[in-house]
Structures are given as C-alpha cells and as structure tokens.
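Note that subunit A is present in both complexes that follow, paired respectively with subunit B and with subunit C.
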Partner chain A sequence: MHVADGVLSISIAVATTAGAVGVLTYALKGTNEEEIPKISLLSGTFFVASLINIPIGPTSIHPLLGGFLGLVLGRRAPLAVFVGLVLQAILFQHGGISTFGANMLLMSIPALLIHWLFTYWKSPSLFWKGCIAGFTAIGVAVCLLIVLLLLSDARYGSGSFSVIQIVLVSYFPLALLEGVLTGFALHHLASIKPYLFKSLTEKGGE
Partner chain B sequence: MNNQQQVGTVPKWAANWESRAKLIAAIGYIFGVISLTNLPYVMAAYVLSVIVFVVMKIPITLLLQRYLIITPFLLLMTVPLLWQQETGSVIFAMLILLKAFTSMTIITIVLESQSLDQLVNGLAGFRIPLKLITILVLSYRYVFMFLEDIDRMLTAAKSRFFRGGINVGKLRVYGQLTAGLLVRAIERSDNMYKAMASRGFDGQLQFSPPKRMTSKDIIKTVLAISIITIIIVIERSSFFS
Partner chain C sequence: MLSKKVYQLIVASSLILTILFFYPMIAEAHRMIIEHVDDRVIQVRYDDGTPAKLAVVTTYDADGRQLFKHEVNDEGYLDYEHQSDVHRLVANDGLGHRASSIQEDTNGMEGIPVFIRALLGVSFLSFIGAVFYVRTRKKK
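This part shows the complex of A and B:
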C-alpha cells in the first residue's frame, strides 16, 4: 500500500503523522541493545521479502507481510514498517512525505493487532494463525485506508464505480493470497526455529 | 548515473544546502501544497518546483521515470472519479495528480542533490532517537545482501522448473522462500550482535556531528517556505474576497 501525496487531505495527513509518531514511540520503548541487530536484519528481510513478485497473468503482485511482521516482531513491528517505508522512498521513490504517517499506520496497526490477538488466542495451529494473520492484516489495512479516504473527501465513496469499491475489489484477492502465503511461511519458519513462536503456542506466556 | 555522480552535477548552492535545512524546506513545501484546494494555485506550486528541478540540472527523464512509478496508484485513486460525471470530481482528480507530481518533484530534488550519507546524517541531526536511526542504517547496509540472497533463491527455484503463480503449491514455495530468508537473517543477527558487542556496540551507532547550519542555509529554507506560504495566503484571500 503506497498512499501517494495528494490523496489525503492536510488535516488527515497531519493527524496520521502525529499518530505514527505515537506508534513509533510505543514500538521503540524498552528496546535493548541486543534486540537492535535482530530488529534491523529482520526489518531488511521483510522489506526484501515483500519485493518478491508473484506473477498473475500479464501482471504481478507482491506480498505486504503485515501479519507476518506482527507475529515475528510483536510490538517492534512498527520499527520494521518504518524501515520499509524509508527504504521504499529512498530506493524506489514509493510512498509520500505527507502520507508517510498514514502509510505507517496502515501497516503498523494491523501488525500490532495481530500480535495482541495471538497473544491471547492460542488455539489455532501455526498454519491457521498465519492464514488468519495474513488475511486480517490486509483486511484491517484496507478498512483503515477506506476510513482515511472518506475522512479526507466524501467523493472517494460516491458513485456506482467509486474509489472505495475499486480498493475493496482489488485488495480482497490479495488478502486471500497473503493469508495462504503467511500460513505456509509461518509453518516453515516454526519448523526450523520453533523457539521463535513459543509465546504463540504456549499457554500463559506472552 | 548513480546518486554520487548526480550530486556532482547539481549547482553548488543546492549541493551545499545543509541536509536538515533542505529537508525542513521540502517537508514544509509539500505540506503547503497538500493544503491548497484550487487548481491554479497547485499548478503554480508545481511549476515552481519544476523550475527549481531544471535549475538543479537533474535529468528530466529521471523525474518522468519517477512519475511513472507513482502513476498506477494515482490512477487507482483518480480514474473512478472521472466516472462521476461532475466537473468538481474531474478537478479533484487533477488536484490529486498535480499534488502527487509536485511532491515527487520535491522528493527527487532532495534525494538527487545530496548523498545518502548526508541524508542519513541529516536525519540523525534531527532529534530522531538514535536507536531508530541505527536500525535504519543497519537495515540499509544489509538490504543489498538480502536482495542477492533472494535473487539466488529465486534462481535456484527457477532451475528446478519453478515458474511462479498463485495455486496452493506455488504459494507454499513462496512461503518457504520467505521463511528461508528470515532464518538466514536471524542466524546472521546473532553473529552480528556478538561481533558488534565485541567492538563496544551499546545499541547506537556513532554518527559524525551534522554540518553547521549557516545563515545561507536558513535563507534558502525560509525562501522556500515563504513561497508556498505566499501561494496559500493568496489562495485563501481570493477565496474569501
């Protein structure tokens, strides 16, 4: 999701920038020095993994991995989102300056929600946790995007062929694919590094 | 032409513009443009940004390439507006496009008129927590290695006749590739921490102190922000008159 400058109104741009600062502060709080190399390398890896192009007919899509971020990095996920957005801006000129906060929130809030959800809901298998995380993260991000668009200008939602409808139609199949991909990725990662997901499988631990 | 070569061709006044001052000017200008609501004023702000771009001697093809990058998302946001058969909606769509292109012009000016080291030092010079800058710098250094990794993994998959696609079996392979990349990153991060800790790493990289902001830097920044402020004031005054 790369909301470009100009799409959101100035009041939404300012509010989301302030919100993103709050989310980043929350994610950074209590980070110790041992975690920094791990967060850095995982942030870089998530960024690179999200560049994998999956061909569909004449075009291709790429995964967003927001749910996977929440499962692996937990409350530090917004740091990886921040890194990803800055790298996207520097290397590929995607995103925007006034929409940086909005893009940050669109990816960070779903990742944090997934982290909190599976901190308390431990019954699904890892594969299903991945599926739910991948699908839900995109679903929540799309809902947030729609709210931001409608708060910016009601014209995004008006008409029988509205921007909101196009967004919903184009992201729904991506959410399904992302769910399945995240499920397989989580299952594979847990089979190699089971200790990473102790908190997701053991009752009573965070 | 890479970023270093490009920086060499921009005029001295632009290359010497202190990073933080330049970033403040860019952010101020972009937020100013976003706050405009009338097409002629957004057009004026866009034309001014293009004039600065041309004066900086940055290749125009580079700018056009960057417009192309953001165009798909912009089309998603604007094409449905053209179906609403209202003049207001068409103007709204044009406003979105012009604001996005103005912003991209400014971002290109910022990125192409300084090296990435200068940009990162500039960010460190703001009061952004050093831990965050450290994470960003370390990720940036390693991202190219991961790009090579993923390239190798995809080549290996292709050599086994993996053609990509979206059926369950193929999504399983993509999932495994993603997980494989993460496994490597986790293993590297353990070794990296040990190596860094043995060299006295305390959670923050040391950055050289940012260049002092001179009065010339401040004048350039104030000028950029004044221009967009004047456009905003003229727009508001013509709206209320």
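This part shows the complex of A and C:
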C-alpha cells in the first residue's frame, strides 16, 4: 500500500504529513521503557511483512498487519508503523519522501480504529477479534487510500480498469487472508502470553 | 517529556494544517513532469498528460557538469541510451515550466541482497528491543 512520490498532489501530501505528526505525537505520549521491546519486535514484524510487495499502478499491495498491531500495541501502533516505514525507506526505497505522511496515516489509522473498537467491544473471542480486526483494518486502509487518490486526481477513479477498482479487487483476497491469519496468530499468542491481551478480554486472558 | 500545553498545541496544529490543506484552491497553471518510462527513456509531459513538445532536456552528471542538451520529440519522449553517467535531468519548455528528475542509482543500496537488508533491519530492531528489555529487567 505504499504510495510513491508524485502520486498525491502537494496539498494532500502536506495535509497527510501534518496529520501524521499529530498521530505520532498522540502515540508517543506516555510511552514508557517497558513498552519499547514490544514495539520494537512488532516494528520488525511489520517491516518484514511489508517486504512482500506487489506493485499495482501508482501503489502496491502487501500485508498490513494493521489489525494485529492495533490489538497488540493499541495506542502505540503508529510508533511501530513509523519505525517500519523509516527502515523500508532507507533500506528498500519503498514509499516516497513526500508521501511518507500519507503512508504513515494509511497504516496507523486502521490500527488505532481497531484498538478503539475492541476497547469497547469485548464480546467476541480473541480468534474472532483477530479475524474482524485483520479484515477491517485492510478495508479501512483501502478506503483511506481511495479517498487520498480521488482528492489528488479524479482520473484515478475513471474508466473500467481504474486504479481504484484495481486496488479494491486486489486487496479483497488479502483482507480475507489477513483476517484469518490475524485470528490464528492472536489465538496462539494469547495461549503463550495471555497478559498481552488483558485489556481486550473480560477476564485476564483466554 | 512534553508538557500538556505543548502536546495540545502540537495536536491542534496538526489537525488545523490537515484540514486547511485538504481543501486546496484550484490553480490554473499546471506542472511539468519528467517520467522515466523505460531504462534511459523519459517522457516530459504536463500533469494533465499532454506531452511537452517544446521541452528541452539538459542532463548533468553526479558532479553537476552538463553532459548534453536535447529537445524531446513530438510525443515528449527522449531516449538517452547512448549516454552514460547521466545523474540528473532537467526539462524546460521555455514557457515557465521546469521539471527535474534524478536517474535512479542502481549501484547503491540495491547492490546489497534483499535478504541482507531485511536482516539488517530486523537485527537493528531486535537490538533496540533487547537493550530496553535488559534495562527494564534491571530496574525490577
């Protein structure tokens, strides 16, 4: 889902950069040392997962792990995304400099939304939380990407094989796959480290 | 750590800037773009897709020395296949539009295998995590 340089208009690039600064500030506030090992490990996971990169038109598709980051890291998910994106930009030249803010928002906002959703909705089991989170995070990210593309240039949405339609078709199977994988990953992780998911369950872990 | 006021100021400023720039004024002028369509083939066009037929492309090497200057064809294309050491291309159509692009460097980070770069990133993050894990354990 990395948006390359030149795809978005300058005003959208500036707006998303400003938004990303706000999101990062929100995520940084109150971070303590005990959380950094968890954030580092999940940054690494996000970094590796994003290496599976298939270019499509002006963008590309790859696993997002937005649902997984949102459920495990919660409010700190944007930090993991930020570090992952910086490493990808430096080591792989993935994504653009002017669109760094947009890429940051595309992957952080779904994670934060998932975190807020399941802070209040505790009834599903962890497996189903994972499935819903994985699928929904991709859906939200795709919707955000479509909004940004349309705001930048309406031509992205014109024609039978428009970029936006290609993105929608490409990401739907990924959303299903990521939902299932997130569900299984969460279920397995909860059996090993139940304290990680205290805030997500009624009782302290499954 | 940031004080509450500074934190609120940063979040509020970010929100305001985000909202302001989401509604840009429509500008009459358009910009010119250099698009790398193939290895050592570029197209100079305006952002509405129209080829910049009048554009003249000047190329420079990595030290900033000018290599050559050439007009694009009627479709805006320029093939510089026989030119080596091209680092930067600058197009100018004489009507106030200018575009610049840097020839992608394939001998830099891309020379290192993907596996090694991925391992480097993961190792760096694991190191950071391990350092803070040891610190927190010591504190407890």
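In this text, the second predicted complex is superposed on the first by the 185 of 206 C-alpha atoms of A that agree within 3 Å, B and C clash if a C-alpha of one lies under 4 Å from a C-alpha of the other, contacts with A are read in each partner's own complex, and residues count from 1 in each chain.
To be clear about the criterion, a residue touches a chain if its C-beta (ideal position, glycine included) is under 8 Å from a C-beta of that chain, and two chains touch if they have at least 3 such contacts.
Quantities reported herein were computed from a predicted structural model and do not represent experimental measurements.
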- Message: Based on the shared subunit A superposition, would you classify subunit B and subunit C as clashing or fitting together?
- Response: clash
- Message: Between subunit B and subunit C, whom does A:93 touch in the aligned arrangement: first, second, both, or neither?
- Response: both
- Task: Could you tell me if A:51 is touching subunit B, subunit C, both of them or neither one (first, second, both, neither)?
- Result: both
- Task: Once the structures are superposed on A, label A:125 by its partner contacts, choosing first (subunit B), second (subunit C), both or neither.
- Result: neither
- Greater subunit A contact set [subunit C / subunit B]: B
- Message: Between subunit B and subunit C, whom does A:151 touch in the aligned arrangement: first, second, both, or neither?
- Response: second
- Message: One more residue to check, A:22. First (subunit B), second (subunit C), both or neither?
- Response: second
- Note on the structure: Among 134-142, 152-160, 170-178 or 206-214, subunit C is struck only by the subunit B stretch 134-142
- Determine where on subunit A the residues touched by subunit B overlap those touched by subunit C, and list them. 6, 9, 14, 33-34, 36-41, 43-44, 47-48, 51, 83, 87, 90-93
- Note on the structure: Listed in rising order, the residues of subunit A that touch subunit B in the complex are 2-10, 13-14, 24, 28, 31-34, 36-49, 51-56, 63, 65, 68, 72, 79, 82-83, 86-87, 89-94, 96-98, 153, 155-156, 158-163, 165-167, 170, 177, 180-189, 192-193, 196
- Query: Where on subunit B is subunit A touching in the complex?
  - Reply: 26-27, 30-31, 33-35, 66, 69-70, 73-74, 76-77, 79-81, 83-84, 88-89, 92, 95-100, 102-104, 106-108, 111, 116, 119, 129, 131-132, 134-136, 138-140, 142-143, 146-147, 149-150, 154, 164-166, 168, 170-172, 174-186, 188-190, 192-193, 196-197, 201-203
- Message: Using the touch definition from the top, list the residues of subunit A that touch subunit C in their complex.
- Response: 6, 9, 11-12, 14-16, 18-19, 21-23, 25-26, 29, 33-34, 36-41, 43-44, 47-48, 51, 83, 87-88, 90-93, 151
- Message: With touch defined as at the start, can you tell me which subunit C residues reach subunit A in the complex?
- Response: 2, 7, 10-11, 13-15, 17-22, 24, 33, 109-110, 114, 117-118, 120-122, 124-126, 128-130, 132-133, 135-136, 139
